[in-house]
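Quick heads-up: structures coming right below.
One chain, chain A, appears in both complexes that follow, with chain B as partner in the first and chain C in the second.
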Partner chain A sequence: MDFLVPLLAQLTNGLIIGFIYALMALGLTLIFGVLKVINFAHGEFYMLGAYISYIASRMLGLHPIIGIIAAVAVVFIIGMLMEKALLTPIYEDKVERKDEYALLITFGLSIFLMNGALVVFGPYQKSPEPLASGVLDLGVLSVSSGRIYAVVLAIIFMAATLFIINKTWLGTALRALSQDRDASTIMGINAKTLGSIAFGLGAAMAGAAGALLAPVFLVFPIMGVVPAIKSFVIIILGSMGSIKGAIYGSLLLGIVESLGVFFLSPSYRDGYSFLLLIIILLVKPKGLFGGSQWNN
Partner chain B sequence: MEQLEKRILAVLLVVALFLPLFVDDYALHIVILACFFIMMASSWNLLAGYSGQVSFAHMALASSGAYTSGLISVHLGIHPVLSILVGAVVAGLVGLFLGVLTLRMKDSYLALTTIAFAEIFRLVISLEYKVTNGKVGLSVPGLFGDITSKLPYYYTAIGLVVLMVFFGIYRLVYSNFGLTVRSIREDEIAASAMGVKVVRHKIIVFTISSAMAGVAGGFLAHYNQLVSPEMTTITQMGMVISMAVIGGLGTFIGPIIGGLSLEIIAEYVKEFGNYHLMIFGLILILVLRFSPQGIAGLITKFHNRKKKKVSTSASTEKEVQK
Partner chain C sequence: MLRVENLSKHFGGTQALKDVNFEVKPKEIIGIIGPNGSGKSTLLHTITGIHKPDKGSIWYEDKNITSIPLEDRARLGIGRTFQNLRLFKRLTVWENMLIPAIQLKKSKKDMEEQASELLNLVNLTHLKNEQAQNLSIGQQRLLEFIRAMMLDSKIVLLDEPTAGFHPNMIQTFIDTLLELNRRGKTFVIIEHNIPAIMEVSTKLIAIAAGEVLMSGNPEEVHSDAKVVEAYLG
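And then the complex of A and B:
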């Protein structure tokens, strides 16, 4: 029993973090599904979300929940604008090598935002108002209630996104776009506007994850790098563009990390994802959930 | 264009050879750093510009070469010249491993895996402080012992750039091999239909460019007499990518001009604060969006326009004579 309780605590932690990763990876997979673009600035949208919630809760003195909602809304708009400004040449056939262009321009955006934040906010770590303080006692183990709130909100955000994708007209259009851009354009779907919306939604999910985790991990300009890399690993793990894959992949990564922390070494927490990546690339390079069908 | 390229390079080289007569040590230091970045940007361009594979691990590979070389020279007492070569081999092998792992798949897999590798590599070297001395950095012997003068380093840096970039990459790019590699970038399916072994060529290019990064990293380590994880950050990688892209992706001369000019700009902007990377990020986006050929593209355009003007005026003269 002495052995089991800390293991259980680690696993709970892993699952909690896994749900937040899932929110982020879902955003990445959404963008990839619709636009066939990997957003290398994903971590910076996460960072922006965290800073916006910090500004709202600490500087303007608003309730943390309002801070999170503001983060989601603002990052959504920023994401849409960025897509309009930077990614439109891809569909207008103005660039020769689309993959390369998308890779490099989102990476450039990431460098710009990261160093922009460094200039504006400085390199110092900041901490927004936590959602709740205190500890929740669950019998054998106890979890800080701030984290519980974060997970509950993350699940609500994810459920909302899944609802939009699966049940609304917008979601149907997005799924159609992900399957065949040209055919859906012929059917009267406005691919440009919906592309921007998809990018905005994906970015907003990263922003939400950032706002949710900000009180736990603190806010600083390069905070987005590690979570972004984890969501890259997750979408390879769960097959690029697969929504189911992104969610299960995140939970799997959370659990693997907590097991690694428990059995191997806690300081390498962020390293286990890479180990997992190597294994998946060697054994099942297409990921755990097969092809790139988006609606599974 | 090739003639123009050669002329610009010759001018740069002559200026570089006589520069130490006129400037102080600080300026030489900047040029040495610029040489490092020219090697990095050019070898990254060999990968991304010519074969179309975007890697984010170039700095990490350079740093793997630097750490290998540093550790060997510290513990085994081997002269840095030899240990840098060993470092290059190790960097090449790491590149080979990453290449074999990812290059069978689509391009984006390489980008995703290398960015993960770079961060994890940084994590490992910062944490294994018993071996690498952690974030403080490992002090390593200088390439020329304890000399304080920058001159020998300066000429070595210039020599390395000439050897690796002017001869090595130039030969490679304009050889049959280079042609094959460029055909892969243009159209992978068509190239493989013509009998090109696509994956094998990609892996070879990746290995060569990794080994080159290893040499550059090893040189920088034994010049600074320090290797630290700082070199491996994403922002440093952003610096290399900005240099190659702003200079002109897929052109031979672009990364050279980009590396030189951006390093000089960075040094002068640093006096006012840490703005240079933000500015470079912005220019990177603007260049990609509006002028994908970068500075090299602008030079060619300007050159061609001038030539056209000359030729049209010549033809009108002929008509007049008729």
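And then the complex of A and C:
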């Protein structure tokens, strides 16, 4: 029975990380669902969010929560502008193979942002002000208060996004756009503007995840690479474009990682996600929610 | 109201439209007939901006709209339906109806009243909370038809609106179309259902191989030897 408490602690930790992965994966799936673009720069929006929260909390001395809100707002604007400048032009009629170009553009953007951060902030790790200090006593378990705050904020951000998608006219228009771009346009929807908003929202969710995890994993230019890869794993195992798949896939990944760390070895933490992906795809080639769509 | 001048379009070596000219006046119901592959849908795609013409121009209320984006044509008042249904199948009937509202400056209450009235007109009110994909093909066509009205379109282009209809539904469609026409709507309809198109059209245009064969009084066009030959080969 001695192993139960540490196991429970690992599972709790896995769930906490899972919720924050979910935030990031939801952003990726939102961009893919609306624009049909695989955003290779998603990890760099995560990194930008972390740096913005670092600047706000350490350099400007603002409260960490203000830093996180600033990260969401600034990354949203950067995401929108990037989409407008780099992706909108390829949706002109004269451009063929739009999806392939979009993929290459986000790949280039990823390299640009990563190296830009290296030039501006240097290669060394930085640590933003934690959301809270101390631990929260949950009976047999003690969990870092900072992590509890982070998961609560992640759930609030996800709930707000799902509310926008499911309950507002903007969300209805985004869901329509995700189903049929031409028909949406014929119905008077400005697909270019909504595409920019969707990209901004998706990027902002990655930025929020980065800002929430920054005090835990520290901030450095290539910090977005592993979370981005995990987001890709999540949206593939949850089924490309499925919101439900992104959320459940993230929680599953968080739990499997923590169980792997507990029962096998912490050295292969990042490898367990790929093992999970291979097993899921062998059993369900279309992912956990195969056939499910972006607006489900 | 709508004028098409010398409209031409080709895809590779195929001439889909060749110097097409016609004019639609307010409150007219123009029927377009022609064999499969004659260029009817291409004509609608070009008028609504999905295809860019190689030559010619499109005028709407004395404004040249040949080069303006699709969504701007929709906002000017040109609505349409598609030969292959283009509903948002995983949105509810109600959400489908309100999609155009996002771009219009009308109040939510006005839009909801308009949507309710149109759903009532085609007997779909009881299905308003169903996902569009759960409706029969005929119901989906009716939904796409009334959804086009939600843009407050002055002219609506309908591409084979009765395809897949149960015979009983054709009359519902015709009654709704004539009612909306009485209220001031103008229609251009591509249709293979000749009895239906003859019943509603004020003018008929026959197209074959991308060219206008004949246009005018529906009876005359329908019985013209050239038109009969084009249809029967």
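Going forward, the second predicted complex is superposed on the first by the 291 of 296 C-alpha atoms of A that agree within 3 Å, B and C clash if a C-alpha of one lies under 4 Å from a C-alpha of the other, contacts with A are read in each partner's own complex, and residues count from 1 in each chain.
Quick note on the criterion: a residue touches a chain if its C-beta (ideal position, glycine included) is under 8 Å from a C-beta of that chain, and two chains touch if they have at least 3 such contacts.
Owing to the predicted nature of the structure, the values given are computational and were not obtained by experimental measurement.
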Joint occupancy of chain A by chain B and chain C, clash or fit: fit
Where the C-alpha centre of chain A sits as vertex, the angle toward chain B and chain C in the overlay (nearest 10 degrees): 90
First (chain B), second (chain C), both or neither touched by A:R97: first
First (chain B), second (chain C), both or neither touched by A:A191: second
First (chain B), second (chain C), both or neither touched by A:F232: first
Touching partner for A:L60 - first (chain B), second (chain C), both, neither: neither
Contacts of A:S267 with chain B and chain C, given as first, second, both or neither: first
Contact breadth on chain A, by residue count: chain C or chain B: B
Partner chain(s) touched by A:D182 [first = chain B, second = chain C, both, neither]: second
First, second, both or neither for A:I279, with chain B first and chain C second: neither
First (chain B), second (chain C), both or neither touched by A:T172: second
Shortest span in Å between Cα atoms of chain B and of chain C, once chain A is used as the common reference: 16
Shared contact residues on chain A - chain B and chain C: none
Residues of chain A defined as touching chain C within the complex: 93, 169-170, 172-173, 175-176, 179-180, 182-191, 293, 295-296
Parts of chain B lying in touch with chain A, wherever the complex brings them together: 48, 52, 54, 56, 101-102, 104-109, 111-113, 115-117, 119-120, 123-124, 127, 185, 233-235, 238, 241-242, 245, 249, 273-275, 277-278, 280-282, 284-285, 288-289, 292
Interface residues, chain A side, partner chain B - complex: 38, 40, 85-86, 89, 95-97, 99-101, 103-105, 107-116, 118-119, 222, 225-226, 229, 232-233, 235-236, 240, 267-268, 270-271, 273-274, 277-278, 281-282, 285
Residues of chain C defined as touching chain A within the complex: 48, 50, 52, 69-71, 74-75, 79-80, 82, 86-91, 95, 98-104, 147, 151
